[in-house]
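Listed below are the structures to be examined.
Each of the next two complexes has subunit A plus one other chain: subunit B in the first, subunit C in the second.
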Partner chain A sequence: MTERYDVLIVGAGPAGLAAAQTAASRGARVGLIDAQARAGGQVWRHDVRRTAPRAAREAIAALRSVELLTNHQVVAAEPSALRVETQQGSSLLSYTSLILATGARELLLPFPGWTLPGVTGAGGMQALVKQGWPIAGKRVVIAGSGPLLLAAAATLRAHGARLQGIYEQAPVARVHAFARQLLRWPARATQAVALRAQLAGVPYRFGTFVRSAHGEAALRTVDIEGPHGTTRLDCDLLAVGYGLVPNVELAQLLGCATVQRSAHPQVQVDPSLRTSVAGIYAAGEANGIGGLAVARLEGAIAGHMAVGDTAAANLLLPRRDKARGFAELLATHFSLDPRLHQLADAQTLICRCEDVTLGELDGFSDARAAKLATRCGMGACQGRICGTVLAELGRFSRSGSRPPLFPARLATLAGAATFPLPTISTEVADHE
Partner chain B sequence: MSDIVRLSIDGQDVEVPTGASVAAAIAHVGLHFRSSVSGAPRAPLCGMGVCFECRVRIDGVMHVRACMTVACEGMQVHCHD
Partner chain C sequence: MKAAAASYDLIVVGAGIVGAACADAASADGLRVAIVEPGPIGGGATAAAMGHLVAMDDDPAELALSRYSLQQWEAFADLKEAEFSRCGTLWVARGDAELAAASTRATRLAAAGVEAHVLDANTLYELEPALAPGMSGGMLVPREAVVYPPRVARYLVQRAQSRGAQLYAGRRVNALPRGGAQLDDGSTLSGPVLVATGCALPALLPQLPMRGRKGHLVITERYPNLLRHQLLELGYADSAHGDADSSVAFNVQPRPTGQILIGSSREFSATDAAVSPAMLQRMLERCFAFIPTLRQLQAVRAWTGFRPTTPDGRPYLGAVPGGTNQWVAAGHEGLGVTTALGSARLLLDLIQGREPAIDPTPYAPSRMAA
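== the complex of A and B ==
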């Protein structure tokens, strides 16, 4: 079964939502795909206990003439078409233009104890809590880097968490310099002040980071290293994230070129968001971390481009360029302390799927050789966690994407429309 | 539509708000979602479908990401198997 769209969009975050609304308003048949159960992406993730911000509600309400395909995971690419998997079966969605709005994931770095239950990403904990994770009364330590820590902290506190502190790795002088620069983006400055007010009374420390986490079956304590030595804190949960990494796997699978401004690739686009492959555009965090404002503007630009209206797209470019300037500010002020790359010791697991330690990876200088010898990166996450870690630690870069993009059922890969339930659905064809 | 959903986590009844994830429901019972290849307990890391640390068995289907699955009335969830 093949469905045809004029414009197909992957990712229903702020970028994909803006792209869908723009393209549909021009009369195109638009399909908007997301693997999550609801539209919204990361920042506008549905909160089961609280109402969504107005901008999010409006963006989702504006989808009237768009076919919203949630719970649809893209697993493979075919000529001018994507193969998607749902709980019920799989289908092929063909397109004239494709917009990649696949967003970003958190940069998660290894340290002794990071595999203990109770240690999560910072945005990761925020996402879990929005989807009903019981947090009320729990003692939570927040750590890592960047403004996302404050956003995550505010969500956790609103849901009743007892925040033990926010530990930012960037030194105090750089965070203050960042705050001064923020005045050039008044909306951002207002947001930051509001967040701080919501976090009144919660210690916010700079030049500090989590050195290790301890516990038997689950997390009990963390060691925080700061300018004045190491402190041990009791806690139930540790939410720690070091910034964001663009999701480029689908772009790579489609043959779109990527560029590297840091240890991690981002989709290569021209100023009007064309990728290196004709008919494919990319918008939002996939093109480099830029935040909500960039995502919305780039979504609209890509939407115009996908229906052939270059003039309308051009009108938005100056605003987008200004918003991208904010991202540069983030990258310079929250650059990572080199000591964070030294936290994992020889016994620390790097590949969490196959339990491969850092010591076992000594002596390998490319992902393929390491994989063959140790199984590192061969598990279900397909190297999304360990490959990103190893690139960040300067060991070796991740190997390119191969289908399936995510572990898929055998029937999907064979192209079957519906699964002959129940037996086949227990088969998982991943790299294991 | 009721605003509460009831499901079973390793035989234990759990109630969560409508729209909550299976991961949230499991966290009401404990933090042992899966066992790693060397037998260590694991629980969600990324919260967004990337790390696969939250894989469990849901209604007989193995290796389902609990963080990506909305809890439904009567679901039978089994951890670390």
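== the complex of A and C ==
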């Protein structure tokens, strides 16, 4: 079963939504794919308790003539087509133009105790809570870096979490310098002030980071390293995130070139967002972390480009460039303290899928050799977590991804349009 | 001033499982060994392989070599790095003709000293309840096993190193001047050379024809106890040894981790390493016909590899035709993991002037010069 689209877009976050609306307004047949149940992406993820921001509601409402394909997971690339999987089966979606709006994921850094139950990413915990995961009354420590910590904290508090503090690794002088620069972006400044107001009474400390987490079966305490030494805090949950990493796996599977401006690759695009493969564009975080404003502008630019309107796309380039400037500011002011790269010890698990410790990876300078010898990165996440960690720690860069992009049924890889009814007993399937 | 070339008793080119086994055997013989490998150890066909230790019996020479090797694999049965799992091989028969063929094969294997039993349909389903209805029976080869090949290759190289072998990691042999090997950093190693570069053989020994035969594999998440034996269709040999440009066969293996490894495909004309959706589809459909529940399992990764294939399907083991102090061990097609240890032993016997335990004539590279 093949569906044909003029413009196919992967990722229904701010970039994908803007791209879809732009391309559809020009009369193109547009398909917008997202693995989640609702459009919005990470930043505009639907919150069961709270109304979405107006911009998000408007962007989703503007999709009238777009075919929104939620609960669709992209699993493989075929010539000018993507294989997608749903609950019921799989299908092939073919395209004339493809826009990659695959966003970013959280950067997690290993420290002793980071795999204890109760420790999650900051964005990861925010996403869980938005979906209704109960957090009311729980004592939560938030740590890591960047303004996204404040957004996560605000969500958690609105859902009843007892925030024990927000621990930002950037030193106070740099955060203040950042705040002064914010005046050049009044909308951002207003946002920051509003967030801070929602977090009144919650300690916000700078130049501090989680050194280790402790507990038997689950998290009980965390050690916070600060300018005045180490403090031990009791808590039920720890949410820790060190910023974002572009999702480039689909781009790589499609053969699009990537570039490396940091430890992590981003999709290589020209100023008009063309990738190295004809007919494929990329917008937003996948091209380098730029934030919401960049994502929306690049989505619109890619939408114009995908329907062949270079002139309309060009009109948006100056605004996009200015918005990208804000991202540079973030990257500079929230750059990571080198001590964060030294927290994990030889016993710290790096690959959670295959239980590989950092010590077992000593002596390897190549991801593939390490993988063959230790299985690091061979699990279901295909190195999204451990490969990114090892690149961040300066060990070696991640090896390329292989299909399927995410675990998929064998029936999907065999091209089945519908799945048979499950007959396999869960006793067999779930037994470890 | 030019530094004197480092001198060795044997320079092993290539550290796939075959080269690694040769280096291990040579160092055990007391030879001063060099190993030259540009990539990860066991990073070529060895990494892509299923790691099934199996006696193939349709060619007497192949049976002799695989049986000889299987005996040597027993020494690795308790080695942690080998991840040796004695799951046995269960050959599945569809129809009475295949069941009759199973009987012939069991007799042939037994004659070669490999334990094998013919099974009726009831016993087959007792052993593997997940098989689709309608199978006629099969053949069980209970002592066969699966291993994890890249770690074995690494172990063998490290064992050779512990006996003094020198590993030139990240170095490539660019040419074979008389009396040694020239590396890509311009240096030269002097001594007899053993080329074990698999599909890359023609780059150094163009007189020995070799083709890469592409294969696909898929591995799933963990489903312990879903399958208990390495499963193959009795028609597998037709795919493995047939000359068809492309073929698929039911070839499914339970890994010790609980994961299911699914093969197999063979293609001569495909030269790029990308996973082919069409070939993957054909291979999976073949496997679903034998194990319908596979459809519902979650696949975590698919990959391809290239089997080094000689014109007659037998490896080159012996002296390089027209060469002096040049040896070759390459071209094991899909049986390189099974036969690596026996190949190494055979080759070292030839190099050291001992009489090999099995007749080396069928593998002599000189057959190509005739």
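Assume the second predicted complex is superposed on the first by the 422 of 432 C-alpha atoms of A that agree within 3 Å, B and C clash if a C-alpha of one lies under 4 Å from a C-alpha of the other, contacts with A are read in each partner's own complex, and residues count from 1 in each chain.
One rule holds for everything that comes next: a residue touches a chain if its C-beta (ideal position, glycine included) is under 8 Å from a C-beta of that chain, and two chains touch if they have at least 3 such contacts.
Here the structure is a predicted model, which is why all the values come from computation and not from measurement.
Colleague: When the two structures are overlaid on chain A, which partner does A:P404 contact: first (subunit B), second (subunit C), both, or neither?
Modeller: Once the two structures are laid over each other on A, A:P404 reaches subunit C alone.
Colleague: I'd like to know which partner A:D366 touches here: subunit B for first, subunit C for second, both or neither.
Modeller: second
Colleague: With both structures placed on chain A, which of the two partners, subunit B or subunit C, ends up touching more residues of subunit A?
Modeller: So, of the two partners, B touches more residues of subunit A.
Colleague: Output check: A:R83 vs subunit B and subunit C. Expected answer is one of first, second, both, neither. What do you get?
Modeller: In the superposition, A:R83 touches subunit C alone.
Colleague: Considering only the touch criterion stated at the top, classify A:L358 as touching first (subunit B), second (subunit C), both, or neither.
Modeller: neither
Colleague: What is the contact status of A:A414 with respect to subunit B (first) and subunit C (second): first, second, both, or neither?
Modeller: In the superposed model, A:A414 contacts subunit C only, not subunit B.
Colleague: Using the superposition on chain A described above, determine whether A:I166 touches subunit B (first), subunit C (second), both, or neither.
Modeller: A:I166: touches no partner chain.
Colleague: A:M378 contacts which: subunit B (first), subunit C (second), both, neither?
Modeller: So A:M378 only meets subunit C here.
Colleague: Counting contacts the way the document defines them, which residues of subunit A are shared by the two interfaces, the one with subunit B and the one with subunit C?
Modeller: Common to the two interfaces on subunit A: residues 379-380, 407, 422, 428.
Colleague: Contact residues on subunit A for subunit C in the complex?
Modeller: 76, 78, 83, 366, 368-369, 372-373, 378-380, 382, 402-404, 407-416, 419-420, 422-424, 428-429, 431-432
Colleague: What residues of subunit A sit close enough to touch subunit B in their complex?
Modeller: It comes out as residues 35-38, 42, 46, 48-49, 105-106, 108, 115, 117-121, 123-128, 131-134, 217-218, 352-355, 379-381, 384-385, 407, 422, 425-426, 428.
Colleague: Quick one: in the complex, what on subunit C touches subunit A?
Modeller: Of all residues in subunit C, those touching subunit A are 39-43, 47, 150-151, 154, 218, 220-226, 258, 262, 275, 277, 280-281, 284-285, 288, 292-303.
Colleague: Give every residue of subunit B touching subunit A within the complex, in rising order.
Modeller: 16-21, 23-25, 27-28, 31-33, 36-38, 40-53, 55, 60-63, 67-71
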